[in-house]
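Comments concern the structure below.
Order of writing sets the chain letters: A, B and C. Residues in each chain are counted from 1.
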Amino acid sequence: MSICRKACIAFVILALLASAGIAQDDIVIDFYFPSATANDAEGIFQRYADAFQERNEGITINPVFTGSYTDTRNTILTELQGGGAGPDVAVMLSIDLYSFAEEGYIIPAQGFIDAMDDGGAYIDDFFPALMANGVDEEGNVWSIPFQRSTPILYYNAELLAEAGYDSPPTNNAELVEIAQALTTEDRDGLLVPVAGGFPIWMYQSFAIAYGQNIVSDDPTEVYFNTPEAVAAVEFVRSLGTDLGVGPAGGAAWGDTPVAFLAGQAAMIYHTTGNLSRILDGAEFEVGVWYLPSGPAGDDGTGYGSPTGGGNLYIFDDGSKSDAELDAIWKWVMFLSSAEIQADWGATTGYIASNATAWETEPLASRAMEYPQYGVARDQLQFADKEFSSYATITVQGIINKTLESILTSESEDAQAAMDVAQAQIDGILAEYK
Amino acid sequence: MKPTGGSLRRLATIVKAVIAIAFLIPLIFTLLVSVRPEAEPVTNGNIFFGSELTFENYERAFVIAPWSLHYLNSIIFVAGVLLVQLVTVTCAAYAFARMRFFGRNPLLMIILLQLMIPSGVLLVQNFRMINILGLFDTRIALMIPYWGSAFGVLLLRQTFREVPIELEEAARIDGANLFQVIRHVYVTNAIPAYLAFALVSVSSHWNEFLWPFIITRSQEIRPLTVGLNKLIKTTDQGAFYGQLMAGTLIVIAPLVMLFLLFQRQFVESFARSGIR
Amino acid sequence: MRLSTPPKPLVARLQPYLLIAPTLILVLMFNVVPAVKTVTDSLHKPARGLNAAGKPPEFVGAQNFHDLFDESHYLGARFLRSFRNTIVFALATVALGVPLGLLLALLLNHEQPLLGVWRFAVFYPSLLPLIGAASIWSFIFSDSIGLANAVLRSLGHPGLNWLGDRTLALLSVIIVNIWKQAGYFMIFFLAGLQNIPRDIYEAASLDGASGWQQFAALTLPLLRRTLLFVIVISFIFAFQTVEQLQALGEGGPNDSANLLLYLIFQNISERRNWGYVNAMTIVLIGVVLTFTLSNFLLFERDESN
């Protein structure tokens, strides 16, 4: 190679660098992501973007941090309603589907999946429970699982052993018995974080355990005043009142893992998103088990929890070219691949969303070292859909406020309060039938 | 019985001390928690100190956001806002304080509406305006809604009205033009009010979160509060108080130092204007 | 005299308008004009149900307001409760925070040892970002691992559920607000006190007036303008409180500590509620405007006397 050519190449490279590394005809994908963990999400996504760009010439990923899930939703809505371009791909709550689909901001992933050679295999690799919130009532896939979680039972194995319990509770009767045995003056037996504005998720665990999820595949139906739904909230309330194993009104979300790590709570309900923090931070043996079944089953059939967390959404108002959409789908495929899911899951503690990821490093060895990760994964077989309906935010608001009034005993009569809420919800959802 | 001067002073000192300590408790604990191991909350053993002094919270907080970049951005932001504000506010305040013109009160009312309309509910429309101006994701977009300040106009208008009119008349007789009058008569005599305004403007914009967050996407121009937000929104893993306190201290440190430095200027200029 | 004055040249007549133009244009662009849309939106009901996107909203007159004042409507009970809380919150801030700010200014007005430290101690809260300040207090108020309860429990008290108890939550938010703002109010009182000539006090002292008499007869009347200014801004700011609620219990159990602006934020992102949130915004602006205007008019009348 002549010196002249080398100089030429050097010049071209410099020119490329000078134009901020983005070649003129590169497709740029704006990727908005929330952060709900204490990890350096910005750094991690930049690393993923670099790895992706290396393999996909001509595509540039622009990762943008957009706050919490709520911040992310509001940022995107403000931008789109204010005439902005919005993101190309974003991570948002799996339950945001109907809000964004209603506005016509997002497109289904189904079209891309159908165009794949092995689309069926791609979808089948995801855990079915994690797909539930991303599919509409006609079975079209809209969003792809990315950072998912479920509530799970964490217990201080040493405290349980001291009290003579070798295994965690598997149903509510055992849960209460152990919690009462472990409650002392400076320690709560069981913390269920239903205080602080968002009780619905934890509450759903109990409703499912009692045999009736409050939501179905039909986004116009909600079952909030059934006998099971009422019994579930009455049970949660009694934990803080009659049974006295935790604070009245429930524990605050953010403080619950801190109290557990400090040995001030023997058992907690919390998200699997916390697994890495708790395992790394605990100075005692941490046990993890499925959420206990309610009275519905005594042989494990009543296990169950809602799913939670964020999915990948594709934004298009119909103006994007095939080349752009192709690039967008490549990025979605990349983030949902076993390779990235294994890395992201091991780093944060979110449940890697497809089966192959669990056989991929670094997650495979992490799960080997800490079998607790496997429990979180295996609970998925009992997991059910997280609450989502049309007008999700409004309906969720009604449910949250009603639950709070019952849990703090402002409304003594749970059934009456839930009947009022159900009537309001039915009124809203009737508009969608 | 009338209290003597001495006992009154003692009482004042006691009241002062009680209030100051009560106000300082959150700051003291912010500091203590920031150097306490994350796994040892205050309810576990000693309230003041953990088993060791640690800087791991700071180390982790430092990794999460590019603080020096955020610092620079915040400084450019608040300085850019304040400098323009000083000009717009002074002009408008003088007109409203000392000039008679048709529509004076209604126009002042329109400007004061800014104080009464919560800007948070106007995000979508303000976004649209910025988008039309082609300023989305720029430093100007961050600053421009704050360049007009009803608060500043109100504050300085009151202060200007306290300035004796004779001073202006004397200056006019000496041949001063409008801008010389404003500069030498009004600005000079309103330094404490300017300091109060500057302090309020800088501290409120330093802490502004919602607008900078909504209107920027590039890390290169985002201010400190966006970085702090990352430490707060750790929802899926619960609270990290140590790390959060460390981050809060990182964010406010320069402002605190500025105040402590500024404080002397503050007292001196107050004293000067007192002699007048 | 007036009759003989020649008419002002055009430039001179335009001068005041040129001076206020920058402020006026910016305020119109970013505040007033967008707010006009709030008024029209508050009188409309967005299209709802399937395929509502793209359909125009329907004019409904005052129906949105009517719904908000209806306890059985899904936002009615929440609105009424938050509205009541906002009034209590604003009055408490004015009634407790403003006198505290004045007291601090009186105590810290004169040259004295450690003046910088005293002033810093009460002023630093207003230097904290709201979200940071609220997070610090969420640590203090935490039920299980909080500082306040750690202290209470060491004294043998079982502790209080500061943010989780519906009878306490609003009080906790008020405490944080007063702590955050008293030093801020102090700054304006300090600036105001500087405008009072010292010799007035010297004359009063010679006449044998006590400290309290001097305060009531001299300081307070002379601080009237500042006092009104601070009362007005503290009231306005109280109505615009929002960011700290994110960390302080999200409005408390069943909205027991929720404030109007936060309720607006909680419902703004769903199209179906736009009529309601705009109606709430109008109510909020209406209350603040009435309060400010009446103060302003009283004040102006006072001035012209």
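In this text, a residue touches a chain if its C-beta (ideal position, glycine included) is under 8 Å from a C-beta of that chain, and two chains touch if they have at least 3 such contacts.
These numbers were taken from a predicted model, which means no experiment stands behind them.
Each of B-C and A-C has its own count of C-beta contacts, and the greater count is at B-C. Relative to the C-alpha centre of subunit C, the farthest chain centre belongs to A.
Subunit A and subunit C have Cα centroids separated by 37 Å. Between subunit B and subunit C, the centres computed from C-alpha atoms are 15 Å apart. Contacts with at least two other chains are made by residues 138, 142, 144-146, 153, 268 of subunit C.
Each of residues 41, 43, 125-126, 229, 239, 241 in subunit B touches at least two other chains.
Among all residues of subunit A, those that touch two or more other chains are 74, 186, 254-256, 258-259, 262, 264.
Contact residues of subunit C toward subunit A in the complex are 48-50, 52-54, 74, 78, 138, 142-146, 153, 161, 163-166, 249-251, 253-256, 266-273.
Every residue of subunit A that touches subunit C in the complex is listed here, in rising order: 73-74, 77, 99, 102-104, 186, 188, 191, 195-198, 247-252, 254-256, 258-259, 262, 264-265, 391-394, 397-398, 401-402, 404-405, 407-408, 410, 424, 427-428, 431-432. Touching subunit C in their complex are the following residues of subunit B: 2, 8, 12, 15-16, 19-21, 23-24, 26-27, 29-30, 33, 41-43, 47, 87-89, 91-92, 94-96, 99, 101, 104-105, 107, 109-122, 125-126, 129, 144-145, 147-151, 153-155, 158-159, 162, 178, 192-193, 195-196, 199-200, 203, 206-207, 209-210, 224-225, 228-229, 232, 239, 241, 244-245, 247-248, 251-252, 255-256, 259-260, 263-264, 267, 270-271, 273-274.
The residues of subunit B lying in touch with subunit A in their complex are 38-41, 43-44, 60, 63-65, 123-128, 130-132, 136, 213-214, 217, 219, 226, 229-231, 233-241, 243. Across the complex, subunit C meets subunit B through its residues 13, 15-17, 19-20, 22-35, 37-38, 100, 103-104, 107-108, 111, 115-133, 135-140, 142, 144-147, 149-151, 153-154, 179, 182-184, 187-188, 190-191, 194-195, 198, 210-211, 225-226, 229, 233, 236, 239-240, 242-243, 247, 261, 264-265, 268, 277-278, 281, 284-285, 288-289, 292-293, 296, 300.
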